[in-house]
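Chain lettering (A, B, C and D) follows the sequence in which the chains are written, and residue indices restart at 1 in each chain.
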Amino acid sequence: MNAPVLTREIMIHTIAVLLDGVRHVAVGASSPIPAAAAMLRRALNERQDRERVRISVLGSQEHNFFTNGGVELFDCAAQGRVDAFFLGGGQIDGQANINLVGSGEYPKSDVRWPGCFGSAFLYFVVPRVILFREEHSPRVFVDKVDFVSAPGTSEPGVYRPGGPHALLTGKALFSFDKTRRRFMLRSTHGGADAAEVRANTGFEYDLAPDVGPTPGPDAATLALLRGRVTDELAETYPHFAQELAAERKAA
Amino acid sequence: MNAPVLTREIMIHTIAVLLDGVRHVAVGASSPIPAAAAMLRRALNERQDRERVRISVLGSQEHNFFTNGGVELFDCAAQGRVDAFFLGGGQIDGQANINLVGSGEYPKSDVRWPGCFGSAFLYFVVPRVILFREEHSPRVFVDKVDFVSAPGTSEPGVYRPGGPHALLTGKALFSFDKTRRRFMLRSTHGGADAAEVRANTGFEYDLAPDVGPTPGPDAATLALLRGRVTDELAETYPHFAQELAAERKAA
Amino acid sequence: MGEIVSLEALAGAVRDGTKIAVPTDYSGVAMAATAAIIAAGPKNIHLVCVPASGMQADMLIGAGVVGTVETSAVTLGESGGAPRFMEAVRDGAVRIMDATCPAVHSGIIAAEKGVPFLPIRGIIGSDLLAARPDWKVIDNPFAPGDRIVVVPAIEPDVALFHAPVADRFGNVLIGRRRELASMAYAARRTFVTVERIVDHSLFTGEKDAAAVLPALYVDRIAVAERGAYPYALWDEYPVDGAEIARYAKMARTKEGFAAYMETFRPGKARAA
Amino acid sequence: MGEIVSLEALAGAVRDGTKIAVPTDYSGVAMAATAAIIAAGPKNIHLVCVPASGMQADMLIGAGVVGTVETSAVTLGESGGAPRFMEAVRDGAVRIMDATCPAVHSGIIAAEKGVPFLPIRGIIGSDLLAARPDWKVIDNPFAPGDRIVVVPAIEPDVALFHAPVADRFGNVLIGRRRELASMAYAARRTFVTVERIVDHSLFTGEKDAAAVLPALYVDRIAVAERGAYPYALWDEYPVDGAEIARYAKMARTKEGFAAYMETFRPGKARAA
């Protein structure tokens, strides 16, 4: 319990803060950090006697209360019943466009990625989409994506209750301004400072007046994360929970 | 078993003949004559070792294999998986238009009926719709219906794989010619002859060259109808099965 | 979500002008809640029958709480026409939005999917198109000249039905009556009456889960034993056809209807 | 309907050019049937992944039976990218129809409902619109100026999946995996492999019926024990992640893929 706060723990806590106020968050089957953050948010709300947080883990049998097949997540989101979701991308650009298809010329991409999944829909209808990518490098954060799987913003008149809320990487937290269509660097972590983030980011962005270290959890929150949340996490992501434990030991 | 053939038995047999070749027939919850005919068709096919006939009784718990809620019948029909269905109407006109809404000016009808149900859809997509109405009178069979719940025919270009196949009443059997948009009297029953049908029908129609009595079932078919089919019928329509039995006794 | 309340609290949330969706006769009709709504006496509700109704719609109309009825049919089945419905339509006392069953389903499913409309085959050539100016005919975008009807999404304020069981987490057993799920998805809020509430989760396995409407979609639950009476509740009790026939006969006149309603307390009496 | 045949007879009905719909990894992937299809060796099949796929699509592509793959994604999940898929797309050896999950569902549901298209929100501004000229953007007929995407119906020749149980009447247990039902409704024919066939009807009550795909929609059934291996089958067996990782490594080269496929006989070996 006395190990120093890990970067991943800061990221989990940061996402949990970004999830403040949500009632239903959906996470992908292989997204342990967002899942951990959602579980932490749920635990925090319970401790504070606030609104109940529901978590849907896609593709999970255990943590999935959907009963209308694969389409239900999308219908549920379209109904406005999914408050937050996570998207990543092989490339993400400064206008929050994401590319899950491939780099280079389409369709014979130089590097082909799996495909768009539900991004071209969920990015439009989920109010709080958190862009999450641990790798923070110029090959991921590009000036302009080679293929727009889902656009960061839409023209006036396009139905779009949802969109990007923040971008979290292994080095930095950005907020996104829909009107200016630009990210703003809020804070850094993982040993990086503003200069290192600048060097590793291929797009232009604004700087918050007070860029400093991303705040970590307080002692009580850290205890919750290392206790109950890690136990819950182990049920669905045993491998990740073990990794976290090993990192704590080594730290 | 030796009672003379009842008019209702002729009607059941007639519908069973009209159902020759179908594999799936849907019948309304309160349509015992069509249901009996479908059961007879099923029994005949089994005796002749022909294709299996499936029967869906709408609203029934027992005789209903649908598992996707109330919409499934309509989707199933749209997929081309319902071969035959039955429609009636407060009014039916000579172009096979049906009215299930009311007589007189719409919406403040002189007599208001329940409503269109699924007619405005099923009449378009079920290949063999059998119009069935026991009452054969000029107030039912009118020149022009006051409200078209579902039209008998459609303009070229309107998607319409389905439509009227025949009209059976307590007095007569008509076929329908989609090109000429007219009924043709084929045969009579229930004590009526062609003149009586003429006097009780408010629309124009053609006469088949050989209008005679509607054929009844042969002895083996009648036995099947009075035996196995009546037993099956009693499970879902106990009241109707009792009525039939009483009629046979009285005859 | 899935808050357990009294029948009165559940019914009281149906206010003046509420658009309320109810299922068809064999699908779990909330008759006890219907009596409670009538007792609360909201005005001018917009009743959406998914896709048709019987005694429930007839009673609500007879009691004067309905402003608009949107339905494919209202009938008492073997007991004949729905007398309060027929008279109110004839007199113009309610606005009627005549529909056809699959168009109602399509409107509900459009709301379920968060789209403003769904296309539907058929209907062209029916006088329903004139009766329903909110339905349109467009060219199929994939085959110009192929005309097709589009119906707008139906977004009820409240979906209301009766089911056998809820668990204490707010999940509801709906069996294969999936239109109840669609109604709940489409509606802003969903109110359910049940025969009983159990302590164990209804999510006990993949097979059992298939029969469950998740608590996410359920706002208020009230216990009403025999709450669908005189209608049937699948796997629980059969329809009481004689009672519906008795209603059909009494409701032929305003006075007879009033007399019937005096004593109509389904569920309540039995829950005591 | 619901004819019980051998795995070979089932697979043999997938011919050159067949449009075949398959479900996603956790929904009952017919891996034994996939091996049997590859053995039969049809050419140029059009694979529709509902809405994404993994090892199944990668194998079919690697074996050279796929002409077109229509999908929202192909991935081996925690084992990384799908190597035969990635190489075939890069080389132009298969035609790729990139999609997004709900658009695939909407195409299937359009076919289920017998309509030529369904509208869907989102997508506008995505390069998918250029990649998919078969998708269109129209004005919402109810709100001019509101642009909305419409996707055409997807009508597979064959839907193929694996389920735990069928009964001898041809009914299939699908649990809450309702996309399997939609695929069957949409497809001209549906082929199902199962762990076992039971003598009693799966329609034993309203609750159980909720988990059943009726025989009306099922054409051929074959027994294939552990027929989803190495994928999971809900309530039956878990995923074998190590086996998928072994495949992921071997399939990086054509030779490694060929060597893997030499010994890939899921179900068959276990059924003996």
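Basically, a residue touches a chain if its C-beta (ideal position, glycine included) is under 8 Å from a C-beta of that chain, and two chains touch if they have at least 3 such contacts.
Only a predicted model underlies this, so the values are computations on that prediction, with no experimental measurement involved.
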Inset, instruction - Averaging each chain's C-alpha atoms to get its centre, pick out the one most distant from chain B. - result: A
Legend entry - Separation of mean Cα positions, chain D and chain C [Å, integer]: 36
Inset, instruction - Starting from the mean Cα coordinates of chain A and chain D, work out the distance between those two points in Å. - result: 29
Inset, instruction - Using mean C-alpha positions as chain centres, tell me how far chain B is from chain D in Å, no decimals. - result: 40
Inset, instruction - Going through chain A residue by residue, note those that touch at least 2 other chains and give them in order. - result: 61, 66-68, 74-75, 78, 125
Inset, instruction - For chain D, write out the residues touching at least two other chains, lowest number first. - result: 113-115, 120-121, 146, 148, 176-178, 181, 206, 209-211, 234
Legend entry - Inter-chain touch pairs (all): A-C, A-D, B-C, B-D, C-D
Legend entry - Residue ranges of chain D touching chain B (in the complex, touch as defined): 1, 111-115, 171, 178, 181, 185-186, 203, 206, 209-217
Inset, instruction - Would you tell me which residues of chain A are touching chain D in their complex? - result: 29-30, 59, 61, 66-71, 74-75, 78, 100-102, 106-125, 147-151, 154-155, 157-159
Legend entry - Residues of chain C that touch chain B when the two form their complex: 23-27, 50-52, 71-75, 77-78, 81-82, 85-86, 89-92, 96, 98-103, 105, 109, 120-128, 131, 145-148, 176-182, 234
Legend entry - chain D-facing residues of chain C, complex: 106, 113-121, 136, 138, 140-143, 146, 148, 150, 152, 173-178, 205-211, 234-235
Legend entry - Contact footprint of chain C on chain A as seen in their complex: 24, 52, 54, 61, 65-68, 74-81, 125
